[in-house]
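Dropping a structure here in structure tokens format, bear with me for questions.
Labels A, B, C and D are assigned to the chains in the order they are written; within every chain, residues are numbered from 1.
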Amino acid sequence: LASAPAALAQGPGEAGEDLPPWMRSPGAGFSVYGQPGPQAQRVLRRPGANRAAPGNGVAWTPLEQLEGFLTPSGLHFERHHNGVPAIDPAVHTLRIDGAVRRPLDWRLADLLRYPQRSHLGFIECGGNSNAGWNEEPIQRPVGSFHGLISTSEWTGVPLRLLLDEAGVDAQATPWVIAEGADAFAMQASLPLAKLRADGLLALWQNGEPIRPEQGYPMRLILPGWEGVTQVKWLRRLTLSAEPLMARNETSKYTELQPDGRARQFTWAIGVKSLLTTPSHGQRLDARGTYQLSGLAWSGAGRIRKVEVSADGGRRWAEAALDGPVLPRCTTRFRAAWRWDGQPAVLQSRATDETGAVQPSRAALLAARGRNGYFHYHAIVSWGVDEEGAVRHVYV
Amino acid sequence: LASAPAALAQGPGEAGEDLPPWMRSPGAGFSVYGQPGPQAQRVLRRPGANRAAPGNGVAWTPLEQLEGFLTPSGLHFERHHNGVPAIDPAVHTLRIDGAVRRPLDWRLADLLRYPQRSHLGFIECGGNSNAGWNEEPIQRPVGSFHGLISTSEWTGVPLRLLLDEAGVDAQATPWVIAEGADAFAMQASLPLAKLRADGLLALWQNGEPIRPEQGYPMRLILPGWEGVTQVKWLRRLTLSAEPLMARNETSKYTELQPDGRARQFTWAIGVKSLLTTPSHGQRLDARGTYQLSGLAWSGAGRIRKVEVSADGGRRWAEAALDGPVLPRCTTRFRAAWRWDGQPAVLQSRATDETGAVQPSRAALLAARGRNGYFHYHAIVSWGVDEEGAVRHVYV
Amino acid sequence: GPAPSAVPAALAAELAPPRLGRPVPAEALARGDRHVFPDGRGLPAGRGSVAQGAVLYQAQCAACHGVDGRGLTAEELVGGVGSLASAEPEKTVGSYWPHASTLFDFIRRAMPLHAPGSLKADEVYALSAWLLHANGILPAEAVLDAASLAAVRMPNRAGFVAVDDPRRPPP
Amino acid sequence: GPAPSAVPAALAAELAPPRLGRPVPAEALARGDRHVFPDGRGLPAGRGSVAQGAVLYQAQCAACHGVDGRGLTAEELVGGVGSLASAEPEKTVGSYWPHASTLFDFIRRAMPLHAPGSLKADEVYALSAWLLHANGILPAEAVLDAASLAAVRMPNRAGFVAVDDPRRPPP
């Protein structure tokens, strides 16, 4: 071992002369709400809006720039059909009506008096990853085509309590029609059983009041289900014997099959995973060991296992899961790979606690055809060429 | 059950005439980094700085305004001695030196190539809650005297890997002196064994690069240990046979005992809990059922149990833990209480998985005297008077 | 833990939740409701013709959906019947939508996108009529009201398989 | 899972981490080091007297710590010896600090708060000398350098119990 620093090693000059400037004068003071620093400002959502309708579109979570399994609220993906409403929480109410014993209204202040529960989990848009159906592999960073998934702690009132207070008959009226208070007046027909099982009327996101673009002042949370069902700015739940057949459960969020018929009411997110490091657009500098890191999730429960492959799926090695491994939540997985300078194809494959295994792209296309648009959850492949360039490929 | 909404119920006027304004015109567009809405802006950190030194002091996390167990990064408490440095990540390095085989420097870009691990856990200042030592119960919201605790997902390089690369001898040099790159050049002498066991060189907070006020570009994370040890803006780890006896491990962060001797090198946070709802400054409107909600945590591991009392600790009922219950992480607990309009004293008491039980204030004072200043973790009492006013009390 | 008998009944992990919902007056209930079901429930009084709809469509919709409804910055609304099982399916109101009720419900609540909720019931009937005509489902002289709209049978009425419908046991 | 033999050696949950640390030249090592240990290791060349320190203290420190070191916007540095076991302990450099080395180390790196790292070694010796004198630990004519500072014995030298010291097994 080297000896400890010698005494009297320093001359009579200023003690701080070799220090960086930020150690030589006081730093910034305190702030009431912290922000990312200027050096980290490039880690941003990526909006893609309709040019004739600025509130119609999405903003992607930059998955390949993030680590861990949580998403900071400021980077939670956005999907709005007609913008983010500026709701006055003193005016807004939640109504439960339709086939109920007592149609009721609650104000935000009332809801704060109810028992609360948290769900730490993902929300994924049913249309996430839909470029996967394209004939050619889209050449974009992973966040810009798989980034309609984000993970937060959602806290609020178990919906069961409010439904029971209104008085529901699960046999006679198994449907609940949710409505949002945005300029799109978003609707979704949903099974009462799911709302009663684990539905939340979320008031809090990652500890603080829900962000405006995520549904302030209140949002429906249905753990593991596609985002369109988790109606933001929730204003109304209408009990019904039949579904509404709303535009977003007929024209959209249905999956056209090769026979011309469409799958409808497909809510749970399938088991899914992807590598974020390395991923499309990155470059391996030289031969050597690289850390693989990615996210896995399933709408059916916990991730049981994630495997990785470097040869396009011929051989698989099991990745490490970086806990906690929670149901209906993203799980970070990690593995390591020694690149020998040869072309390679990196993949990950998740298995959930129900035993469901993430399908290959060929298997998903064989089952669903090419025009399903929603619920794309096949294995994602990153090709590495001899120069170390990483690109989205199909195998 | 009431019948479903009648047909033809609506006249020939505009369909939207009863709608709130935010449903009648498009909402706001997408943003690259989301912020709390104007209605939620009152949920802010509460700075308390030295008037002669604006970067010297704290900013409190407003615990009683939050729910769930996570803290949004913008509300993570701040404790700086001389402000937040504006570090250029291209210049900053981490050095490991002193009694090592090979003194080494790493740049941020190098560190991104190492294996990463996440720790979802709390950081609590060793000086948190120190008003609890006061003769009289401080009359402030709970966040303004217990709010130097916040919970995040921290992701980074296991320190063991970097220490082993430099070559350390755990027998000969059991101490590591950490140094920060702020204008205070913060120091802490720490046991090598802890750094090797679960220390992280964190680069990410809640998924994104660490916030400037939390240590950007890199911070030492020592799960379950007091905040002062988790050196922010980390620039250097020096292996040593002896501790440095730095100012912040002698003059401060030591606990003076009644016999005039002081406890030094007390790093782990004791088992602790407090009710955030209801809490000081809130008011119960009327007799009836109230939901109790609070946080529990321990530096020694998982929370095993939280009990609540409404009679100042004579009788206890077990609260529900709102999972996940993670080691060295805050756990949200919940219970319910029917207020009969009489004076009451609400308390919570946590037990961790090692069997350690949160002490009463009397027991903590009996063990530590009145001048320990740090590591106050006794049971917190909220008195409810006949008008329903809730105030901090001692029992 | 403490013996169960030591736990006071007024304090527990859970108690009956409060009941703070406020009853909604019947009048307010009917007023707020804009859901239109496939069987016509929810359709208001009023009427509108294909001809009226054609004028309204050009004034209020064509800028985004195209003069012929074939799409522009917003998507196509017309065409594609018979294409669903092909390699290049075109999903439109005519080819894909199973219920005419959805057209009334959706246009009334959400369109035109820059002024949602601005259309009167007669106007929504007229626009629905024109879109169904443009898709070959109604003749040029058609007039829609609650009864006639509920009676429209859409070409793709039977085109959907309700995978997780709670009314049926899962397969 | 796949049989272990099917797992290629180049791919696994973990492989040896990279070794990307850059060796630090010996010259750079000594230059960057400012830690001062209780035995005097780390103290630089230089010297300063109580008298020099008195002048410097009034110019650079008194605005925050008070002209007599009894505290102002920043805390007191002087007094309190013998108070630690009382009901109103006063913890200062003189009454509480176990090592004089800490004074040099801390002032050099962190004070004055608005210009950290601005003091030369001689100045830090002088300020340390004055603060030790003001606390009755050094006489008025004292001069400090590396050897004499390391030789100072602080009144509360034995006042600390290292609870979790890794050099000792836990109690």
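List of remarks:
Quick note on the criterion: a contact is a pair of C-beta atoms (placed from the backbone, for glycine too) under 8 Å apart; a residue touches a chain by one contact, two chains touch by 3 or more.
Just so we're clear, the structure is a prediction, and the values are computed from it rather than from any experiment.
Averaged Cα coordinates give chain A a centre that lies 47 Å from the centre of chain D. Chain C and chain D have CA centres that are 72 Å apart. For the pair chain B and chain D, the distance between mean C-alpha positions equals 27 Å.
Between chain A and chain B, the centres computed from C-alpha atoms are 26 Å apart. For chain C, residues that reach two or more other chains under the stated contact definition are 14, 17-18, 29, 32-35, 109, 113-114, 116-117.
Multi-chain contact residues of chain B (touching two or more other chains) are listed as 4-5, 23-26, 53, 82, 97, 103, 113-115, 183, 185, 240, 334, 336. If you draw each protein chain as a dot and join the dots that touch, the picture is not a line, a loop, a star, or fully joined; it has some other shape.
Every pair of chains that touch is listed here: A-B, A-C, A-D, B-C, B-D.
Residues of chain B touching chain D in their complex: 50-53, 56, 81-82, 95-97, 102-106, 110-111, 113-115, 161-162, 165-166, 174-175, 177, 179, 183-185, 187, 191-193, 236, 238, 240, 242-247, 250-251, 254, 256, 258-268, 370-371. Residue ranges of chain C in contact with chain B, taken from their complex: 1-2, 6-18, 29-35, 40-46, 108-109, 113-122, 124, 146. For chain C in complex with chain A, the touching residues are 14, 17-24, 29, 32-39, 63-64, 72-74, 84-85, 87, 89, 91, 93, 96-99, 101-102, 105-106, 109-110, 113-114, 116-117, 159-167. The touching residues of chain B, counted against chain C in their complex, run 4-19, 23-26, 288-289, 305, 307-311, 315-320, 334-340. Residues 1-5, 20, 22-40, 43-49, 53-55, 57-59, 65-76, 78, 80, 82-89, 91-92, 97-101, 103, 113-118, 120, 153-155, 167, 169, 172-173, 181-183, 185, 203-204, 206-209, 211-214, 216-217, 240-241, 290-291, 293, 322-324, 326, 332, 334, 336 of chain B are the ones touching chain A in the complex.
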